[in-house]
């Protein structure tokens, strides 16, 4: 458990790490060529490292605040996002319908995927056989609609 | 095979209709022939409600282009949407879209225009929200509601047109031009067209609508739907000439062109860049239209439809192969992997820029020459030429990012260029985007435009294009100090980058007031005063009095009886005593 | 006209036989087609027999009410399946239909009042008897007392009219004109409550939310139209005073329509949202009638027919969702497109008809209403634009909130759309969009 | 822009591109200028449905072009020659108009100068 998930509580070092990560993502959004990005990232790392040994917490908090402010003033308006991660263009683009929906398909629709449904019916029969072997026949009164 | 055949069948018939339309276009063009069909629904009080169909060379040619693009796009989506479960729904929606577009194109009657116009809005809404994520939900809402403003204005136009006794505007546009009702109507028509064609106050929806699947973007948001507004204004062209509001339209569309060109340079989403370039071209069409040259706008509309559809389809191929990644920062050097697609992409890009003898050259160069021939002020001239340069600018930036720069994709990738369905369908449009410019130039201008300019003015287009090209090259390789430069003018940059904050203004800027007002009304009127003065209030009053009378009747009747008896006795005694 | 009445009365015994559920519906279908073939002269009252008669206005509304009653039977098949007092349900339905039939077909003003009020009783029984939640009692009381409260002045007004006219035939009302403020208010107020106008619409969402599907259908489909029908009839008496006073009601309705359409965005109950949207439509109808011109009258008539079919269809859709998920909340009814794609198409068709997309009757009605209202005053343009815009907005909001995105997956059991339901929706949608081709029946009146 | 540049030096004379000539057409000429002849006849133009704004002094060449288009319809590029003729004619026309404009400008300048001289 890297950080405490409730209350948003984070230690100082976690805050710094999160800032560092966000700064790097921001740099990535600005510098799309890999070599240039690496160069800038190293420079940024050096800026972080310079104050890494800061023991005075008042100064460290102040530095963190300044860092956040600088990031806020330079954040890219169009951040670079991976397509399928939250915020990306293809995030949750296709909804996975529950499995049982397939059972309610129209036969004409089912006929579009013959192999799949043949196998599916087979599996269902096997599952029912397994179920009946284990728990016995279902009560006919339970059936509805 | 049943599943994919719907694509082929629709492709076949649309292509056939497209060819038929082309031959009819030739026939109508030679003989200068017009067919006007009317079907009267009802006639009363000297008003007649008719469904009318107008077939002239303009509508036939536009229909031919729409059908051609849609046929190709449907064929393309056979491969693009091949892993889609609801392919049938998708194709049917696209067909419905084509149907309403055709209805819009062939109708010269404002009520039957509404038929197609509303249909376009609704079907495009369905297509934008085709993907199930929140992004497309929001984009669809923005699209549909922006378009709905136009629908509402058309509804109002229907009323104002009733003053003339019929809704066939073609018959009295010339004669009633200076009527004040006509002035009002023309303003409304212009606003309606501006919503559909995404001119400046309403232009937020067009880049947002890129949440739709890419074939839809190729068909709907580049070539057909967005040009519906332009087409409407072309039809109303006679009415609009020499109106004051047209000057405002000229200004707004010029600004749209400029704004879209600038933001396309900041944008990183592949489809949004193309959408913004569409916006810029729409601004070009609108502005040339607002100077009264409808044929030129129509010409550019057609050629633009060709190469923009092709551009979107190439983008679709790239997105498809990159696993839905649309950010051009992930791309680079893909011409090594997908040469054919890159070829098509470059052709369409160049046609867009107006490289000589491709489709875009004929229309765009003609427009710019006519602008130079016109009596115009310096500001508009400036907007035109800056935007032309900007077109070159973002096209080259895009090409650089995609083709020339270093390979920059994720570590696992699978780029291949052997999807023949896509390539074949793009081939048709590629040929069209090379040849359609000169072809149409010969066909549709029976009366050639005469252009006679000093050499430097004539070469101005080339100058700004070359300058834009240079800038595009430079910005795509502006690497090391980019962030410093960006943050130096951070506010300005974000202003330009986010389309002059228009997406934010037209969503958060508006909905808060109305939603808040609705909630206030619900709380204070429906659950507050109305309830207080009718249902609940009446109930409270009745309860109070019932309790009060109960007090007399039920619980204490003995006491009250005794009390009143004593009271009356006292009064009686007092009366006795007095007497 | 008597034959239809006799048909309905002699169908009543059929209700009490077991398993005659569909037979009653068949009888109603028979009646519907018989009625459709009735020779209607466009300009006059015709088919006179005793107090009954029929002109184009009542013809359309009677057809609508028979049609809605047929579809109510189709929609509440569950009562039959679950054996939930379906005999009494059918009895109630038939009696309600008789009352509606008489309301629309009598020529006598007092008899009109009588049946107008008595149709309320059966609606009340429908809501209280077959509703879903205990709150239905309160909703029933709201329904009853709102409408009853305003209808007693109407009774007095009718007696006064009788006293002055010495006659109660509606046809002869056109020879009289009254310029009395109190009479004007008392005559139209009952209908305004029934419509309902803004400020006195509170009973409608409550009744809709608590009513069973058949109750909602009949409420939205016909009960609201009773008010419009009454207004169209009595306004012949108040032409002069109407020109002075109507501005109040038009302003209230138009502003109210705008506010109500904003309120739709705050609803979390599907049925309540649909109910509010029907109040918005009715406010436009009130506006159209109150402008007292021809376009307004026919526009309100067309919109009444269109809205009757459309909103009734939407209540069916809401019920279809309710039967599967046992909730009407927008938060639970989500992602239905994933589960029932074909039903999603019907949702879209119904909602697009509701937002007056072509080629529905609603569009034609709305165009006529816009024509009449704008001819009355150009300033109504602002409100009409808002109403028209926001009606589209809430329809799309409802559609995409229910249909779009990932689903609510806490479903215990589920089943797909039945062909009965698709038939039900088709029968709502088809007349709504086909009738545009034969608008003579709506547009050519007196 | 053409207007902008064309009227750059004529601002003080209050001249615009589409002004009609205000001076007598024969001022400063030794020989008498004749009016240009319209070659195309009105009936031809009407039967070809040429819009009014194209019925200028080059209309007969335009008619040639239209006839050619009609004959070769799907292959209209064969009319390049006729089109070019028409363009040339229009160009000559344009030059003529510009010359008229220049003449007007100079005449106005002269008039202004004369007025100033007579005042002083």
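To keep things simple, chains are lettered A, B, C and D as they appear, and every chain counts its residues starting from 1.
Methods note: a contact is a pair of C-beta atoms (placed from the backbone, for glycine too) under 8 Å apart; a residue touches a chain by one contact, two chains touch by 3 or more.
Because the structure is predicted, anything quoted here is derived from the model rather than measured.
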{"item": "Centroid comparison with chain A (C-alpha atoms), farthest chain", "value": "D"}
{"item": "Result of counting contacting C-beta pairs for B-D and A-B, higher pair", "value": "A-B"}
{"item": "Chain A-chain B separation of Cα centroids, rounded to whole Å", "value": "33"}
{"item": "Centre-of-Cα separation between chain D and chain B, whole angstrom", "value": "42"}
{"item": "Centre distance in Å when chain A and chain C are each reduced to the mean of their C-alpha atoms", "value": "49"}
{"item": "Centre-of-Cα separation between chain C and chain B, whole angstrom", "value": "36"}
{"item": "Residue numbers of chain A (touch at least two other chains)", "value": "92, 95"}
{"item": "Residues of chain C touching at least two other chains", "value": "335, 338, 405-406"}
{"item": "Chain D, residues touching no fewer than two other chains", "value": "none"}
{"item": "Interchain pairs in contact, sorted by label", "value": "A-B, A-C, B-C, B-D"}
{"item": "Contacting residues of chain B [partner chain C, same complex]", "value": "41-42, 44-45, 49, 86, 89, 111, 114-115, 118-119, 122, 125-126, 129, 132-134, 137, 140-141, 144-145, 148-149, 151-153, 155-156, 158-160, 162, 514-515, 517-519, 521-522, 525-526, 530-531, 534-535, 538"}
{"item": "List of chain D residues in touch with chain B within their complex", "value": "1-5, 16-18, 49-51, 54, 62, 65-66, 69-70, 73-74, 76-77, 83, 86-87, 90-91, 94-95"}
{"item": "Interface residues, chain A side, partner chain B - complex", "value": "27, 29-34, 36, 39-40, 73-74, 77-78, 80-84, 89-95, 111-112"}
{"item": "Touching residues on chain C, where the partner in the complex is chain A", "value": "335, 338-339, 405-407, 409, 411, 413-416"}
{"item": "Residues on chain B engaged by chain A in the complex (per definition of touch)", "value": "2-3, 131-136, 211, 266-269, 323-327, 329-330, 332, 401, 405-406, 408, 479-480, 482-483, 486-487, 490, 493-494, 497-498"}
